[in-house]
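Multiple structures are listed underneath, in structure tokens.
Two complexes are shown next, each including chain A; its partner changes from chain B in the first to chain C in the second.
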Partner chain A sequence: MNDYRLILFLLAALFSVWAVMARRLLTSAIMLALVSVTVSLIFFDYGAPWAGVFELSVCAGLITVLFVGAVSLIRAADEQNPENRSRFHALPLVLAAFAIASWYYLPAFFAELSAWARPGTGGGTIGLALWDMRRPDLLGQILMLAAGVFVIKSVFPRRNEK
Partner chain B sequence: MNSFAMEWYLITLIMFTGFYCMLVSRSIVRQLVGLEIVSKAAMLALISAGALANNLIYAQALLITMIVIEVVVVAAGLALLVKNFRLHGAADIWKLDSLKG
Partner chain C sequence: MDKGLLAYLIIPLFAAVVIPFAARNRPRLADVLANVTLLAGLANLAWLALRPSMIAGGFADIPGDGFSLLLVAAIYLVALCVTFFSAWFIEEGLPNRQAYYSLILVSVAAMTGVVTTSDFFTLYVFVEVLAVTSFALITTDESAGGIEGALKYFFLTFPASALIIVGLSILMMTLGSLSYENLRIFMSSDIPSGPVTFAAALMLLGFVIKSGVVPFHAWTPDAYQGAYAPVSAHLAGIVTKISGVYAIVKIATLLRFFDGRATAVSEMLMFLGLLSIVVGALAALKQTSFKRMLAFSSISQVGYIVLAAGLGTPLAIMGAVFHLFNHATFKTVLFLNSASLEKAAGTTDMDKLGGMEHPMPWTSWTSVIALLSTAGVPPLSGFWSKLLIILALWESGLRTYAVVALLFSIVTLAYFMIMQRKVFFGRKSAAAESASEVSAPLLAPAVLMSAVIVAVGLLFPYFYTYVRVVAERIIL
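Our next item is the complex of A and B:
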């Protein structure tokens, strides 16, 4: 792993901890957007520009707008009845304990796991993969979007004015 | 230790952060934030595995599907949040059971 990618991974971890520990929900949503931006930079560094563009536009853009909209709606009520913060403050300690404990066995397991990889040809384009070889996925995506619209429709039914 | 093992170790830490957030919080927004963090870690693992197997094209196609699913899940979760907030004035997951029809 090069230094640039290592720094991006560490930044993603830092922003995700910050998103969890932030007292205000708006800060949490913004930190989540920064996690998305960092993750998209990692995708670009891997040589996966399509994934980076989708991550940047959809996750860092659209989902952040959805979060900020929802947070602005409930912010007043959330500030009146704040959550117990002690468990959030314990996160760095718990994470450090997990990191130290898992350092002894997880990297070795992952090294063994990576040896199982069977290298592919690496050819083709994203258009070929998306529109030709994985075409049935598109049907699943359209159905998933329809399911989302149906959920919104059923959560907010139109009331009859009787 | 090879570089992929180190990357996956860091991905595990990010995923742990998301799971911890989902475990300790009662707020629906924070539950979704935790879910997003877990999802980001899963995406990183997917692309990293694609790079390891020299198959980034398929990994990206799968990731685009994953992003679509993620958007739908977040939109549905936030819709439930808004509905619950309108009914009860709270964003508490323990009050979601009153939404049953």
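Our next item is the complex of A and C:
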């Protein structure tokens, strides 16, 4: 693995842990956006520009705007009732143990797995992928969007009433 | 994807989108639209599968593999019972009535997607849609139990999704495709299965967690007990069976367990199935809450399906498919009856109930039919599916498994008898004095499902022909 990729993977892991550990929700939202930025750079590096563009625009862009907006709306209430975060202190230790184990086993695992690799049926343009190869997934995505809208419609009226 | 059944996915989705607009000023219109959509779908399915020429031809002309059609019918049947029940159960002031029906219809569309797709990634996408809708549905009445159940459901099924996606990546890498057909062809070849089986095993583990099989059952009782009453019936009756158990049966057939391929995975699955039967039944014996007891009973019954799927012989797959359908029918009746009890007596605590048969005879006797079917008492539908599973085990030389499965069928009868005596028979409790039978529309779904249980049991030869066609098509 070249150094550039290694740095991107390490940054993605670092920002993810930071997002979970952060005391302030705003910091969490920003760290989450940075995770998406590094992941999109990884996508570009692996020759998947469309995945990178979607990750950058939707996850790092749109979702972050929504999160930051929502956090600024509830900031006062959040500061009044700070969350007990002591249980998160073990997380870096768990992650360190996982990282050490991964360092030993995962490269060997993937080296063995690559001996079994078969070329996938893929390639072509994004249009070809979406309309010819993975059309049923689009239906799934539409359902997911509809589900998201109805979840918001189901949950928010109750919050307003209270 | 089975294009012949695509309409059963698109129409509920369309209805789900229309409901919030059409019923904005008239909330009751949401009840009508949801029920009409599901009833029309069910009538169409009945025409597809039950017309005289189809029965006379031994179901040879059934579209697709027949398994999808059977499960789409089960999904529509359970969802119709739940929406019809909800129409009279939901309080008038519930602010999100339209969103509730839309979520049910989206979950129906997602379940139809799960059972009609022929690709693992599409399956995963639809299963995730189901997780999102279930999360919101569990919290419908915003009780503390509901929120706790929903959070447990979400956080314990999230690692399952992670396992499934890792399995998918390894499958894509080693098989070069995510379609069922490619896996089937690969497994029927002589190539050592190696990492392909490993990838499938990871996915199976994910689906085992989503099915609530022991030892991954921690979320099930809380989610079922805490959920809004009609939603418990929807979740236990069909959602968890489609989002988990269906995929287990499907992967078991694709891995060709009956051919002696992937033996280790097959044995592990059978062991987990048996463990689930035993632990679920023993835990059900100890419960005092009616809904919690039903949840543990559900874990136990899912164990029978997983055990049969793990065995994987044609007879076992017939039993698994049949039991999956039967489970949807009897568990829906029992959970709807628990909702009726909650409405009439204000509690589902079995220690506070007693003699409820006097004020609620219909609820009591539909429960008797459902519990006898669950326990496998002839001639009800549950008897035949359990018989097929136990025969398949015996035939394959797994006599210990067969005997344990049979013994725990008796334990099932025991805990249901205890429940029936505590809740419905025996001395009249204070709750029974003030309670009265719920209205006819609330009883109708339980009566309909009980009729299905009796009819499928009595007309078993026809159903056997259908299930045999399914087993032949999905295995060969």
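Going forward, the second predicted complex is superposed on the first by the 142 of 162 C-alpha atoms of A that agree within 3 Å, B and C clash if a C-alpha of one lies under 4 Å from a C-alpha of the other, contacts with A are read in each partner's own complex, and residues count from 1 in each chain.
In the analysis below, a contact is a pair of C-beta atoms (placed from the backbone, for glycine too) under 8 Å apart; a residue touches a chain by one contact, two chains touch by 3 or more.
All figures in this text were calculated on a predicted structure; none of them were measured in a lab.
**Student:** By the touch definition at the top of the document, which applies to A:Met144: first (chain B), second (chain C), both, or neither?
**Tutor:** Both chain B and chain C are touched by A:Met144.
**Student:** Once the structures are superposed on A, label A:Val155 by its partner contacts, choosing first (chain B), second (chain C), both or neither.
**Tutor:** both
**Student:** Counting residues of chain A in contact, which comes out ahead: chain B or chain C?
**Tutor:** Result: the larger residue contact count on chain A belongs to B.
**Student:** One more residue to check, A:Pro136. First (chain B), second (chain C), both or neither?
**Tutor:** It touches chain C, and chain B stays clear.
**Student:** Taking the superposition on A as described, I'd like to know which of chain B and chain C A:Glu55 touches: first, second, both or neither.
**Tutor:** first
**Student:** Taking the superposition on A as described, I'd like to know which of chain B and chain C A:Ser16 touches: first, second, both or neither.
**Tutor:** first
**Student:** Quick one: classify A:Phe67 as touching chain B (first), chain C (second), both or neither.
**Tutor:** Touch status of A:Phe67: first partner only.
**Student:** For chain A, which residues belong to both interfaces, chain B and chain C?
**Tutor:** Dual-contact residues (chain A): 113, 117-121, 134, 137, 140-141, 144, 147-148, 151, 155.
**Student:** Help me check something: in the complex, which residues belonging to chain C touch chain A?
**Tutor:** That would be residues 1, 9-10, 13, 16-17, 20, 95-96, 98-100, 102-103, 106, 109-110, 113, 117, 119, 121-122, 125-126, 128-129, 132-133, 135-136, 139-140, 142, 170, 172-177, 194-196 of chain C.
**Student:** With touch defined as at the start, can you tell me which chain A residues reach chain C in the complex?
**Tutor:** The contact residues of chain A facing chain C are 113, 116-121, 134, 136-137, 139-144, 146-148, 150-151, 153-155, 157-158, 161.
**Student:** Which residues, counting only chain B, touch chain A once they are in their complex?
**Tutor:** 1-14, 16-18, 20-21, 24-27, 29-30, 32-34, 36-37, 40, 43-44, 47-65, 67-72, 74-76, 78-83, 85, 89-91
**Student:** Which residues of chain A touch chain B in their complex?
**Tutor:** Residue positions touching the partner: 1, 5-6, 9-10, 12-13, 16-17, 19-20, 25, 28-29, 32, 35-36, 39, 42-43, 46-48, 50-51, 54-55, 58-59, 62-63, 66-67, 69-71, 73-74, 77-78, 81, 83, 87-88, 91, 94-95, 98-99, 102-103, 106-108, 110-111, 113-114, 117-126, 128-130, 133-134, 137, 140-141, 144-145, 147-148, 151-152, 155-156.
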